[in-house]
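In the part that follows, the structures are each spelled out as structure tokens.
Look for chain A in each of the two complexes below; its partner is chain B in the first and chain C in the second.
Right after this comes the complex of A and B.
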């Protein structure tokens, strides 16, 4: 009475020839997007030249790329400042959010006391609080890190709280029947149950953190993509604006995909991988 | 922490002997157990004055339509829901005292395996939680259990990679891992298709014959109860109460001829009538 598994059981692991065919599929999936991207670039370049659009209004892609290459040292230096603040703020905001979520799990009192504050933080307009933080924390990294952290904090908190509580009732009953301690329940069940939820928020937060750092630089900073954007705006230097936007976007995409990679490493079981 | 499984079992047997001396043969003794949910106008009496004895190594099924409190009763026996009134003795002990030495085996309707653990890791989990055996002893035990539920070679599969029937067999192996004296099963095959269900019945009988234990099996299927058990408890809803207790004429008769016999069919009819009245 050997069970027949041929029909309903996907057996092979994620490695080997399946990986290669998956990468090929990915490339095919990306094909239309890449084609459209190139097409837009070509049309943009051609239109700007054909209609003689002035450069302060809309620079051609070739002009932007040329400027980015010429000023790469300056761009990278500013980018480094922005991304350092964004990543530190991201780690801080996410770390505090996860710690609070775990605290809320074991103390309803803490949740009742602190959750209204979390909502208050969420409702504060970041653009309004940025100058205040500059006054308090100066023109350095601190206000940028703080804004990035504030922006990451709420979604990760809410999602992690929900994820930690998402273990189904019967699984919790099983743990109770075998007499699992709270620590064992956390390590064997809640932690893994929370991971998909936390990562869903952490992916959104990655780009939000960069935006937070840039916004903080608008109101007070000596260096960073945000300061570049502000000064280029005053000088009506559209080419520089585009160069700054593209530089920070590329860095944000890189950050986002680092989180996706980490997610793939952490969510190793098949059920979780289905929705990645 | 590293006490071997064998020694853990021995302690259990001693506890069993002790209770034997105290209370005779009943594995589970339920007297006047009542249970209410909610308060005020929303108060619902889930169980009313339940009385029931389950003998050592007896296979007892509880049948009844939904809302008759059969799952609630199972959860009270296992201590998942605290008992409000009446008395329950398990192997002669209060539930709390019993659970200090032994654990119930519990099989849920959804296999309720952890999707982030492989079949083998799921089966090993209660052993790890209870601190039974070292790593090697646990691995050997898991192998033996996988063979017992005929899943050898599937230890490294995640639940999502197994069929519904296979998942439920892993769940049974997990419940048997720590060698419980009492196995509580809450509609364990309710989510399976008819054919898988029948296979599972024969496997469960095989497991029980191989090593008899006390089983309380909740189901809403009369034929399932009749096929598996020594006795069937018919419960009636609103309020949940014991309607009748029926001794099965031919317990675990896997012989097809017996299943067509007049006594068997008469008993099926009798049970159906009891359920209709209820």
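Right after this comes the complex of A and C.
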């Protein structure tokens, strides 16, 4: 069998050195980010000590990390509630947005009628409406899911509408020539054209959904990262505040990268891969 | 002519430094400006601060703003807040000291509709109570505990909304009994109030505080500020109509009807038997110690603070 000389892995090497090379690549990729992360941490820690910044204004990273480790059970328990609401809300919001985008594709009237409503929803200050949603939807998960859905609905709608209409002229003409039905056009062209756009919006919405769940928790929940933030505010505990924020940030980053992974799986054709 | 001119010049020369000696200070309120701050607003309006040699800027607090941290960091000179907030702040390393206690009792408590039949803490068993993390909830828990009621026997939901009470979604809610019930009553539903202050839970709803470092460097300023504020309180409650007019002029988003009623309800929290004896805004260390015990028991406060470090009695006007 001809060795694959074009690839950058050692020819006829054992399985071990291929793996090592991939890991080395990964490290090179992640290197700058990790270095910057550590540098920021070190500068933060040193500045707090050097300028004697009081803990209630800005706690040092070492203090925050110590608190996160000590309170990990409580942090994880609250995180679970927030992330469940965020992910469910995210799926709901994305689902509704994609459905509406497809509807708009086939009915300009629907688009003209409904798009202003979509914009109106986007412009409502979430923090103001959160207590009302708690009254209308009851306590517990429902208002959190609703708010998370509301927040991530608009970017996905706009992007998917754009994406569905972004099939290039040549492909459209070809499909017309071969007599493809609307359904076939959709499945063979529009769907794939829309995917990169929808995923771009999905990456934005993921973090927005988590923030939506947290905002909902400020006014109508007794468990979740939002409640930890409220509690930290009442007790003037800046360390707890940072611990809660960093915990939810880490989870959101994990969610973000899961979507990136999913995107890599779905966008398997060469042109789509160019920008990932 | 020359003698008169010389006299005028000499007087001006000696008086000018005195006139320019007014100290600039700021007062940060714990919430948006309303009649709760009537004493300070009127002290400013009627020139009591000016007479005391102070130029005071009154700045509102609000949702999401940590007024206590602003004072502790030195961004503002004075603040007003309840004792809970000061103790929690001090526990986080804020260098705070209380010098006067103008709200002698705390109006936080449980608000319920008059026709719900809930009259005392024990009546809450089996009912639905809406609460949010904060002073009213801590004090309500203390009240329930002292009344022998187990919190687990009450259906708790988390929400700040007064609408829930008006619509009957919940049987009771925690809150501030000098202003929130007014909204309910204006909606046509009479309320009943269960106030921890009536059930043996004694704490100050509003104290004047500053940082110890400012106090040590400027004792006269602190003394003058407290004295002028007390004059403001006395004036405000002797002239309620003028007070409401002034407050609603400064913050025109307020409803004068609601503010008048709130001011009226606040009287009992400021003028008590203690203030008759010892003067308005008098401070009793036992109350601060009590509040710390309540926080330790009901708000999970873990602290090595010594109560004696948190207040000073030396800045109240001698009675």
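Observations on the structure shown:
Quick note on the criterion: the second predicted complex is superposed on the first by the 242 of 276 C-alpha atoms of A that agree within 3 Å, B and C clash if a C-alpha of one lies under 4 Å from a C-alpha of the other, contacts with A are read in each partner's own complex, and residues count from 1 in each chain.
Just so it is clear, a residue touches a chain if its C-beta (ideal position, glycine included) is under 8 Å from a C-beta of that chain, and two chains touch if they have at least 3 such contacts.
Model, not experiment: these values are computed from the prediction.
In the superposition on chain A, A:180 contacts chain B only, with no contact to chain C. Applying the stated contact rule after C-alpha superposition, one finds that A:258 touches neither chain B nor chain C.
By the touch criterion defined above, A:55 reaches chain C but does not reach chain B.
In the superposition on chain A, A:235 makes contact with chain C only, while chain B stays out of contact range. In the superposition on chain A, A:171 makes contact with chain B only, not with chain C. Counted by residues of chain A touched, the larger count belongs to B, out of chain B and chain C.
Judged by the touch definition given at the top, the superposed model places A:268 against chain B, while chain C stays out of reach. After overlaying the two complexes on the shared chain, residue contacts for A:221 are found with chain C alone; chain B is out of touch. Residues of chain A touching chain B in their complex: 1-3, 5, 8-11, 168, 170-171, 173-180, 184, 188-189, 192, 268-272, 274. Those residues of chain C that touch chain A in the shared complex are 66, 68-69, 72-73, 85, 88-89, 91-94, 132-134, 156-161, 163-164, 167, 169, 299, 301. By the touch criterion stated above, chain A contacts chain C in their complex at residues 54-57, 131-132, 134-135, 139, 219-222, 227, 230-231, 233-238.
Contacts from chain B toward chain A in the complex involve residues 75, 78-80, 99, 103-104, 106, 108-110, 112, 114-117, 125-126, 129-130, 150-151, 154, 157-163, 165-166, 178, 199, 202-203.
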